[in-house]
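Down below are the structures I want you to see.
Below are two complexes that have subunit A in common, paired first with subunit B and then with subunit C.
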Partner chain A sequence: MVKNVIPVSYSEALDLLNERPFKIIAGGTDLMVQRRSWAQTPPKFSEDVLYIFNLEELKYIKEVDGYIVIGSTTPVEDVLKNKLTPNLLKAAISIMASPALRNMATIAGNIGNASPAGDTLPILYTLDAIIVLESIEGIRELPIKDVITGPGKHIIKQNEIIKELKLPISVFTNSAFEKVGGRKADAISKVSFTGAVNIKDNKVLDFRIAFGAVSATILRRKDLEEKYVGLTKDELIGKVDEIVADYDPFVRPIDDQRSNKEYRKTVALNLLRNFIETL
Partner chain B sequence: MAKIKFKLNNKEIEIDENPNLRLLDVLRDKFEFTGVKEGCGEGECGACAVLINNDIVNSCIVPLGNVNGKEIMTIEGYSETKKYDVIKDAYAEEGAVQCGFCTPGMIIASESLLNKNPHPTEEEIRVGLSGNLCRCTGYNMIVKAVKSAAKKGDGLW
Partner chain C sequence: MKDITTSVLKIDNEEKSKGSAIYVSDITIPGMYYAKTVRSTISKGKIQKITLPEMPENYTIVDYKDIPGKNIVRIIFEDQKIFAEDEVTYYGEPIMLVVGPDKLIIEELVKQIKIEYIEETPVFEYVNSAINYNFKKGDAKSAFENADKVIKYDYVTGYQEQLYIEPQGMVVDIEGDKVTLTGSLQCPYYVKNAVLSALDAKDSEVRVIQAVVGGAFGGKEEFPSLTTTQLAVAAKKIGKPIKMIYEREEDMEVTTKRHPSKINMEAAISKDKEILAFRANVGLDAGANIGLSGVVLSRALIACTGAYTIDDIEVNGDVFLTNTVPNGAYRGFGAPQMLFAVEMFMHHIAKEIDCDPLKLRLRYLSKQGDATSTQGTFNDPIIMNDMIKKAMKESDYKAKKIKYAKEDVYKGIGMSWFLHGCGFTGSGESTHINALVKLRKDKNDKVHILIAAVDMGQGIRTTMMKIVSQVLDIPLEQTVYDLPNTDLVPDSGPTVASRTIMIVGGLVARAAKQLKENWTPGEELTVSERYKQPEYIKWDEDNFVGDAYPAYSWGVNIVEVEVCPVTYQVTLQHVWSVYDVGKAIDERIIMGQADGGIMQGIGYGYLEVMNSKDGRIQQKNVTDYIIPTSVDSPPLDTYLMDNPYPLGPYGAKGAGELTLVGGAPAVALAIEEAIGKKIHKIPVTPEYIMELMKNGKN
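Take a look at the complex of A and B:
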């Protein structure tokens, strides 16, 4: 017998998750579309649904010990409006979906949905976000790259919930987020790109690159980034061909209804080249 | 089934329903607020837009389970306000309505925008309406209407 539940508290949600499997819905902006049925009929869920969107206990943005901490049911519109939110994350949210969707969608939903095209994911990878998972057994804190394992796949256990995400406060002198989609609003990315560098006294202290929708999960390679730390800005710009060549073998997009792999790869590498050349 | 309480067009509602139901279907079929339209059914066209706690949402992708404790306003409830009169007149004067299917959603989007930003720039209006599709007007008249409503309704928002 299907029993969908709207828990009244976070602890009730954790207890329920420990009792039996649920599909967790926060804003529902992805799930309601993925599970949609005919008009005038509810979406089809084969599992019981747990509605957590209105758990006020998980709606917060705060600064704690060098991290910006975002509660998992905070709608992205509230994240966008908060002065603590890192600029790069604001850049991604401001061109994400539409106002109506931003009032419901959550960043935790982007993680749970684990789409390679999730709008906030390249930013979370770039910022080295830590995902805080909680169950009745306790808390696990994992880097986002260890949480998402493939398209729609993650390691979150059946009795766990995404409680919050922690973004280490970082300094960048230049950063950019670019999204290529079929329409400005309400489009799923064909390709997305994030670049962030910190250049101080003409020395590259930090160099981070991430791509969305070009591989099974967000593409970020710390081994490649480290090669370019310590250069001067001009040296970095002078190495643009080498940087593009370094990323080339890892940019492996697919053909689908939104775009094709040739277009995606060309655009992704052009966005990388443009970011470096215009530093 | 679950007990769900909310306010709908200023009226307290308590129902025992499947929380998976789309808010759109509940509004149209159970409460007969048919000003809420179904267009794409996947959150991309805005025809089903309503206000939840004064903010625009697409009711086709809002599960009923998410509105517990919220205040919902459809175009029917909104049409009893002074602000609606200003927006309606501006839409009429600027020729912002043709077939009319997108209009309830456009007006909800206009209200949600003006509520947060009473004097939007043209760019801000276009962003505010970016989730609402209109296949007749080409949008320019709607943008003008919102600009005119902001001016004529100065002080209301």
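Take a look at the complex of A and C:
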């Protein structure tokens, strides 16, 4: 029989996780759909469930030592409304799902679910987010790209919980987030794009590109980005064909019931081109 | 006396907004069991062996061997089995029910049932014609022989899912010999007749009661006859009340949808750039059973010239059987497919002969007195010219058309013209339905409306009560319209085909007049009225000759869009609609129908993707099957014209389907203009727009 446990404190949650395996659920906006069942029967969890949405200790957004730190049970609607939240993240949340879901969904849930189409993930990759994992044994801080390893796969240990995420405060002179879904609201991405640059004194100091839903995990290539740092803005725009050609081999989407790979690839590269050409 | 069009509060507003309305899933009966369907997991083949687990006490399977009567869902064309016997013809075909008191145990038993098949090669192409209809008007053959030019285009339309918010559901109760079925349905007497046939029962042994219905759109026209017969058979076997509610995925995977179609159009063009004749060849994908598909095909074929009068036509159509989920009724019933093809074709002809599409279309626009596609007559005034002017003025159509053609923008504006035949096709009203309505005045002078029409959200309870109160000049509160129960109401026909207000409402108004003439306060009195076909309406069903419908409603839709050249996504900017529904019985109710209908029609045209792959529906939940949300919906401006129809109550004609049927061509034409490429299929998805922008023809 599956046990449903609601810890009263964060430390109790950590203790419980150390005792036996649990499925951790916060807002449940992905899990309750994935484990759906015949009406009036319990959701189909095969393991014990730890409900952490009520842990007020993990609901916070604060600025600490050059980072914006977001507690893992903070609903995305609260993140959206907070003035500390980076604009790019706000852009992603504002077109995420529907108002009802935004009051339940968490960014940590996007990480735990590890879908390549997760709405906030391209932003976390672009911002070099650091994920803070905690267990009774201690704290690990890992960059997002090392946490998620494939669709639905991550390296979070059985006794660990996502405590918070840390977003280094960054400066961008131009940034864009584009989500291409089946409709204007309440849709899963067919493809998404994030671009962010910092140009100072006509020199590209920082150049970041990320794509969602075009490969097994979010696509971000620091090696390619570095090629274009140090150029002038016009030089960067002049190299648009080369940039698109650089990303082309790494944009490897799939066919599914929501779209096809030709469309996803074409649009991903169009968005990249459009971002650079309109800088 | 007030103008009947003046809106009142819908009588079910309160119960629906409070949540107190009783839908079928809210119904529980003490000792009630549940049922789950065991379905075919292949598209075609023979059932070789079924291995059942050991059934615990109180758990039973129900299959074709338990049917006392015929193993056929009796509706119009009798080819659908209640349960598969030794062969299956589509993935998801029902084979048996597992029935018992605990859902978790039922699910476990369903998992343990092993069915072995000898698989056969399924057919998914349009090759196996089960019904062919063809007809002619004039002499298209010689027109094509003498033509200066023949223009040919092919059009393709996809599935559309009704996506009523409440899935299919039914509860059966049994007391002695009497079976009572309560559920979400559009046609109480279709269900009753189907159950009578399945149980081989006496008329008094079956009763059907409508629960509050959470949307239907045709999806609850014939499909509930399948689930109710299954449950009735189960109740007879087990002697217990049983409830069966489909989950969303089951509903989307196995219930009827709009027929996908392939339509070839040909026009004979003279030297003077006149359209001499049309040829239309229509293929509908029926899925694995014929069911209502022949009737859907009829409506499609009759609409082959849309809102235009073409003197010489040749029409051919087939219902093709494929090993896929059976398709069926959906708001518009064959007309949306055909009207998409006709409207696109008129524009494509205009392009080929280098003629202004508006001028070309106006030249052939139907007028009062013209012959219909089936050599009947448009008897009533047609006010399309005024409607087109109104729509063009409100939308600033001409200026935008010029502007968008000149500028280097991805904006477009499209306009569709259309008609919808009200009521059953052909002589269906008199030969098949023969509607009967009753009004009963009780001792307290309350007037009970006794009809089998179902309010599925379209407001028919409110509008019928308005008609009765208006005729009798009594307050609305003095009329009563309970949810239909076949033991209490006569068969006034199914709630389909934009017939309810015009046909049933017309009979109700006549009955009310009768009641008024014989009104004695404090005395009980029941009056009835039966449908009589107007004498001037003649129809030859075998040859498609005569008046296919007693009346027509007309409409104009204008849709303005912008297409993003980076993502190929379409943004709806604005929609303008002008409708002639005769007379609105309630303005706000019609406006509600109009807003829902046009978004359903536009969604069909650009957004709603449903595919079948290897015989299986790919989009089977509301995450994957995308319909427009309020964020996708632009401002919708709707104008109603007054053009009373003499035989309708207060002049009312059909309205329910009209508001859907022009949406797809209007949005497709707008996108065609925005991207400058010809569109041949719907939905016009971003994926298709990308293809067209890369390789499409101007």
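Everything below uses one rule, namely that the second predicted complex is superposed on the first by the 278 of 279 C-alpha atoms of A that agree within 3 Å, B and C clash if a C-alpha of one lies under 4 Å from a C-alpha of the other, contacts with A are read in each partner's own complex, and residues count from 1 in each chain.
Quick note on the criterion: a residue touches a chain if its C-beta (ideal position, glycine included) is under 8 Å from a C-beta of that chain, and two chains touch if they have at least 3 such contacts.
This is a predicted model, so every value here is computed, not measured.
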TODO: For A:G28, select first, second, both or neither according to whether it touches subunit B, subunit C, the two together, or no partner.
DONE: first
- [ ] Once the structures are superposed on A, label A:Y247 by its partner contacts, choosing first (subunit B), second (subunit C), both or neither.
- [x] neither
Open item on the list: Just to be sure I read the superposition right, which of the two partners does A:A185 touch: subunit B = first, subunit C = second, or both, or neither?
Closed with: both
- [ ] Using the superposition on chain A described above, determine whether A:N274 touches subunit B (first), subunit C (second), both, or neither.
- [x] second
- [ ] For A:V5, decide between first (touching subunit B), second (touching subunit C), both and neither.
- [x] first
Task: Touching partner for A:S259 - first (subunit B), second (subunit C), both, neither - done: second
TODO: Check whether A:Q40 is in contact with subunit B, with subunit C, with both or with neither, and answer first, second, both or neither.
DONE: both
Task: On subunit A, positions contacted by subunit B and by subunit C - done: 33, 39-41, 98, 184-186
Task: In the complex with subunit A, residue positions of subunit B that touch it - done: 2, 4, 18-22, 25, 28-29, 38, 41-44, 46, 49, 52, 55-58, 60-63, 65-66, 68-70, 109, 112-113, 127-128, 130-132
Open item on the list: Going by the contact rule set out above, which residues of subunit A touch subunit C in the complex?
Closed with: 33, 38-41, 98, 178, 180, 182-188, 257-260, 262-263, 266-267, 270-271, 274
Task: In the complex, subunit A residues that touch subunit B - done: 4-6, 25, 27-29, 32-33, 36, 39-43, 45, 49, 51, 53-54, 77, 97-101, 103-104, 184-186
Task: List of subunit C residues in touch with subunit A within their complex - done: 25, 36, 103-104, 107, 245, 247, 566-569, 571, 607, 609, 611, 618-619, 623-624, 626-629, 631-632, 686-687, 690
